[in-house]
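Each chain gets a letter, A, B, C, D and E, in the order it is written, and its residues are counted from 1.
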Amino acid sequence: MTANANGSYAYYPGCSLTKNAAAYDVSSRVIARALGFELNELTDWNCCGASEYFSLNQLPAYALVARNLALTASEGAKQVVAPCSLCYVNLYKTDKYMGDHADLNEKVNAALAAGKLAYRAGDVKVRHLLDVVVNDVGFDNVAAAVKKPLYNLRVAPYYGCLIVRPRTGFDDVEYPTTMDHLMEVLGATVVDFPLKAECCGGHMTQISDDVALELIRRLLHNATEYEADAIVTVCPMCQLNLDAYQDQVNRRFGTRFKMPILYFTQVMGLAFGMEPKAVAIGKEIVDARPALAKVTAEPPVQPKKKRRDKSALPMPSTEREG
Amino acid sequence: MAEERVGVYICHCGHNIAGTVDVEAVAEWAADLPNVEVSRHYEFMCSSLGQELVEEDIKTLGLTRVVVAACSPHMHERTFRGACERAGLNPYLFEMANIREHASWVHAVDKEGATEKAKALVSAAVHRVVHHTPLETMKVPVEPTTMVVGGGIAGIQAALELADAGYKVIMVEREPSIGGHMAQLDKTFPTLDCSACILTPKMFDVGAHPNITMLTYSEVEAVEGYVGNFVVTVRQKARKVITDKCTGCGTCWEKCPIRVVDDVYEAGLGYRKAIYRPFPQAVPKYPVIDVESCTYYKTGKCRACQMFCPTEAIDFDQQDEVVDYKVGNVILATGYEQFDARRIPEYGYGRLANVFTSLEFERMVNATGPTGGKIMLRDGVTEPESVAIIHCVGSRDRRYNQYCSAVCCMYSLKFAHLVKERTGAEVYNFYMDIRTPAKGYEEFYHRLLEEGVRFVRGRVAKVTDAARGPGEEGKLIIQCEDTLIGKQRRIPVDMVVLSAGMEPRHDAEEIGHLFGISCSVDGFFIERHPKLDPMATMTDGIYVAGVCQGPKDIPATVAQGAGAAARVLGVISQGEVALEPIRAEIDEEHCSGCRICNTMCPYSAIDYIEELQVSRVNPALCKGCGTCVAACPSQVITGAHYSYDQVMAQIDGILIDVNRPVTAEAEVAAD
Amino acid sequence: MTAQNGRRRFKHEVIDATPGGEQLTLCLQCGTCGGSCPSGADMDHTPRRIFAMIDADMKDEVLSSNTPWFCVSCYYCSVRCPQEIPITDLMYTLKQMAIREGRYEQRRASDFSETFIGYVESYGRAFEMGLATRYHLFHNPMKMVGMATGMGLSLLQKGRMSLTPERINNIEQLQAILNKAKQLSAGGA
Amino acid sequence: MSDNGDFKPVIVGFLCNWCSYRAADLAGTSRMGYPSTLRDIRIMCSGRMDPAWVLHALRNGADGVLVVGCHPGECHYVEGNYKAIRRMNLLKRTLRQLGIEDERVQLHWASASEGVQFAEIVQNMTAQIKALGPLNWKQRNVDDSVNLAVAAGEHVHEGA
Amino acid sequence: MSNQNGNTKPKLALYWASSCGGCEISVLAIHEKILDVAAAFDIVFWPCVMDFKVKDVEALADGEIDVCLFNGAIRNDENAEMAHLLRRKSKIMVAYGSCSMEGCIPGLANFTSRDAMMQFIYHNSPSTDNPDGVEPDPDWAFPEGPAPLPKFWNTVKTLDQVVPVEYYLPGCPPEAEWTETLVMAAAAALAGEGELPPPGSVIGNKDTVCDECPRTKNEKKIKRFYRPYEIVPDPDTCLLEQGIFCAGYATRSGCGALCPQVNMGCRGCYGPNEGVDDHGARLITGLASVLDAKTDEEVDAILDTLPDPAGYFYRFGLAHSMLHRTDVAHAPKRDGN
């Protein structure tokens, strides 16, 4: 564990994880225990406002989020972990904007003062759970915890928007890869999923079916095209939209998607040898059991490396300058 | 000091100053300043009559100091120093007050404020000038040899101009051959001349010219000295090939078993061997061994090239050579690097096979390139039926480079033409603005319109291979807003070409540091004046040419190369240069040897004399910035012409009215 | 900032109400935002066009368009914008202005936000069941039927939806903070 | 903050010869207006800036001191402006303890092409100092007319 | 001079204004040479050592004292009154020691105000026991009659800010050899056997402490500062290079680099070297120049390890500095007052 010497974090589950995404909460706590880091739930945390409060009134929205940051700091924690991408980005953005914009900082703190709280930007580092797993725990430690590799399970890692945008810095904004590596470490077969950072529709499910269902369809279509057995997500909103609305998509577009949507923490728990129930498998609406049944004890046979076609032109290296 | 006789001259500059500043009031007021002997105002001080006025007063009134309040000293300081000198007054006993650029032109709506400020600036100059001391410029002879750094078209042009004029040139090129980016191109816009046809003869001339010493596969390591007298240390990397023996027959690279991707000349689209000559027309013709890839340097085995070489020219033990060259002037023509398109992940370069960069595409359409000039997809066999060309990749984009790279519009049009001509494919140009501001360029754009090339105004949001439906299967989809319609569009194509912009060399800043010049915010070298002196730099004797100074196309590059050569020829023909006497000097008797100044000098002009325990300034290296003067805690370093006392007096002068408002006093004086 | 005639330009109102909003003045009308937007095809105007309209002082048209409400907050436009304009945040500002000025006529989206916020302000936590029922009862009673039988039922069956809202302990503190923030926000956007 | 009515600040400026002085020239040739509060002194490099000059100007009637150099990394003398950053930073820390507000002593950058930015720098600084009010250092702190509350002291040293 | 008038020896006066008394002791530190002084001069006023009264001085004719060694800053009415009186009675007025020359430690009061200091000393200091909140009252009257106390000034002044001064003898306290040099030179000059330096001169070296400091100096780059207790310095290398603040680089030599020789940074008591207007300005510029930093943030990181910079730079010279004092209305509140 490099970034956090004592391996202990303040934990901000967010509203979704208390109910609709309880599976995510359960599995997050379970894998944290297995990997030896502590998630200490923040006392009396409040809703982050999702994207709705920012639409209504930005200053109270920032103040709402800042209360959580102030509580975290007052508990003496230096880092707060959010598994929900929307919570994560709201916490991250509020901290960053308070640092970047003096006027906002002043007003938010004036509001906090009404509740006898204060927050200084930068005092709490906001982390997504995936970030903690790949960067603090590290792939080597994860690999060491794997007991039942998920051989032959084809997964499409789906990051969605808010874990990488607006620039949160821990993975590429357009083509993130950390979860891809994580899934490989767990033994799963990772499919190249071009839409891995596209939108799940967000709150459009509530506002416009036309828009939302089409966005969901694209994702399911693309993952199916690439022959994924399951989509793995890092966000309760993504999970809900892809899982709970799959039926509606099928009805509207005449498709027959049967794509289970799992949290990455559930997949980790399974690879760590836990019982499906321990990581709340079964809470998903599209049944994951058929997909999980594909897991084999033996690793897949690697296809022979094709000899390079002589006429083909060299591909550019993927290393990036500066 | 008390006996100085100062002449003050307030210039009207026609209406430029007098229209805002009450010049008469200023002149009248200045007459009462301490030490002022005479105070006049005149319509155009820079005219011959204005200058004669100063000269006449120096002679008849015995002026010992002169202050002219007029325009910026960058405009006319030299003029009035000349007038003083002609009248027998040391030119450094002159001071200028800038009441045009810094007063009348910026305070046009505040005449009173402008007048008040003009008085303060004049007073500052009067207070300062009495502290001036006579200074003498230092004349040094100019070494007529010039170094040209960079063997692209800018450097080639500059070197040939100088060599043809009869002067020696040393050309330093980092790569094994000269030619630069132009050697990679197939056709050049807007005339579609064959690049090789016009470049190769010039490359040959450089190689064969008796006045040019060509140092390829070489880099500058250190620079010392100053204008007219630089010593440049050059490292010639070992080619591992004895050039005296090599005939350039090509047996070595034919026999070499190691094939590597050529990231330089072929822009990554083709291969070369571990021993290679970058391209057939390379000058010089000798190959080099790439020791990173060569088997011999990894395992001690192979030696195929050596075994087959008919002239025993391979020398695996050859070492780098480091040589000092004495030159009078340097022209930097270090060129550019292409923006790395991988930095824009949404365009998929490096991930999506059929996304190409513009340089890759240049190699592809080049008859000597990897595909023999055929336009095809990455598989090397399929000809595209539709091609998208994306403009402004990495340019006009604050995330990367804010500037416009100036050439992409035109080469994109050229690409579109070549695709149409060679494949008949549908071609889309995705652009923000089409910029064609030079001779024959707009006409070329019109020709493309006639040829049926499609133009979509909208910066591409992303390139993807994720099909939404059957119509998009197997294609690359360009997603953008067609801003002229105001709607999103998805356009499936087979091939995407990214028109990547120009960037400064990754080590431009280090190179600049070596030669004592700096880079602007965008990373290109800063010229002396963006309009009136684009070839010179702030460091005397160092000139810039080509894209290293800023994005430009071939005609502009050639013009600047020739221009830089002309500037150097001017210096050489004078035979000697005068160095500004603005220098620092240490009073060694009172230097306590604390050595705080030692790390200040960017030119290493300060030496610590161990046995005396004092520091000393080498006047030939000192450029007069004064940072050591400011640093000296015991104030024993004097900066000529910007001394502590001179500026203190200037502050006293500039604040003269703060307790007694000048305007009130002026009224009294006017009464 | 004021226009020459003393009237505040709409553009500056938008800029002042957005952290980092001053970047908006740099818009080149390139269309990267419009091209990037997942729901761009269904918007009345693409974001690019909205910015041109803001510059043209077309306040009514801007605030009554569906564009900001169709923003899904994916931030693609923000990270791709070559002028680094915080487009998503500007959309939040436009929504906020539309609500304050009562301009947006398709009340569906703003009501969703308001219903959501209502729960957050009273309980400190979001309440999905309450949100779904209250919001849909008003806008789409037919959908309620679907909720009860289809998806909503599945979620209830899977124990993924709660029938009672949760409340934080120190709700008074939160309300004090929010009230102060609202007061400051009204004082000067 | 108040704008202190008719108070017109006097700002002594130190401009480097290569970038900022030229930026000021460019502001002139482009006729960009800015307040006539700035009175500038040309020095070769912001690295020449001597803290004593700042003190002298503040003591003798300036309401503020503005130093403008080339952008970091663009210094004509390679790195003179880095030295200016260090010296001005330490000077400002010291001045803060002496009761001189940060806004009164400012270090900025302007390249030769940044006439607009130069004009903005002067505008902003003028507004900030206007809000602070006159400095009047000599009268208030050296001559002691304000601070020397003990009347008896005055005649003693006045009579010297 | 006096000698030519008759057999009377030249007259010497020594006075102690606002100072610690160290200067008085330093006069005695010239050891047996004090006998030469006593032999050469007729001491007419030295209240620290002998019982003189002000009226004894008042009784002298104007200019009757040949040399007056005046130590201490001008802190109150009494100091000023004595300065004026002795000035009137003396031919040569010497600002003796750092207090009278630069303000020195008493001059640190210029970082705060008279009122704030009174408040702290008589009310707020942790050791104050003053339940009735009594403050010194300059106009206090006993039943026997008024007993006025000298009034405290808000701003501490140096001697030359109050009366004209001929010579300056720096140091806290001055080193004996310089006291001796001055007194003996004055004696010789008064005896017509030599010339005094031009009025306004500082009696001392012109260079800085580095000149006398035996430590090895190298090119300097400071990455952080250390308080003396935080580090064991190398005994042979320049202290400043090791991150210990040493004012020697901008301080007049003459002490023989006493402090640096015992691993303690020079505190700057000799004031700036010859020709310097403001000690603090030179300390600031020299120190800042060698910080190993290129951005404001990097500079901040280094300078955050140097608390109270003004205290370092104006420890001795605040009253004599260009700015003179802190503008209390705009300065951050200092601890304790």
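One rule holds in what follows: a contact is a pair of C-beta atoms (placed from the backbone, for glycine too) under 8 Å apart; a residue touches a chain by one contact, two chains touch by 3 or more.
For clarity, every value in this text was computed on a predicted model and none was experimentally measured.
Shared contact partners of chain C and chain D, listed by label: B. Chains that count as touching both chain C and chain E, per the definition above, are B.
The chain pair with more C-beta contacts between its two chains, of B-D and B-C, is B-D. Here the CA centre of chain A is 68 Å from the CA centre of chain E.
Rounded to whole angstrom, the centroid-to-centroid distance between chain A and chain D, based on C-alpha atoms, equals 52 Å. A straight line joining the Cα centres of chain A and chain C is 23 Å long.
Between chain A and chain B, the centres computed from C-alpha atoms are 47 Å apart.
Listed for chain D are residues 50, 52, 56, 79, 83, 87, each touching two or more other chains. Multi-chain contact residues of chain C (touching two or more other chains) are listed as 76. Shown for chain A are the residues that touch two or more other chains, namely 173-174.
Of all possible chain pairs, the ones that touch are A-B, A-C, B-C, B-D, B-E, D-E.
For chain B in complex with chain A, the touching residues are 261, 268-271, 340, 342-343, 345-346, 349-351, 353, 357, 360, 364, 370-371, 376, 378-381, 462, 464-468, 506.
Those residues of chain E that touch chain B in the shared complex are 206-211, 217-221, 238, 248-250, 253, 273-277, 282-283, 285-286, 289-290. Within the complex formed with chain E, the residues of chain D that make contact are 50-52, 55-56, 58-59, 72, 79, 82-83, 85-87, 89-91, 93-94, 96-101, 137, 140-142, 144, 147-150, 152-153, 156-157, 159-160. Looking at the complex, you find that chain A touches chain C at residues 15-16, 18-22, 44-47, 49-60, 62-64, 67, 97, 100-101, 103-104, 107-108, 110-117, 161-162, 165-167, 173-174, 198-199, 201-204, 206-208, 210-211, 215, 244-245, 247-248, 282-285.
Those residues of chain B that touch chain E in the shared complex are 590-600, 608, 613, 627, 630-635, 648.
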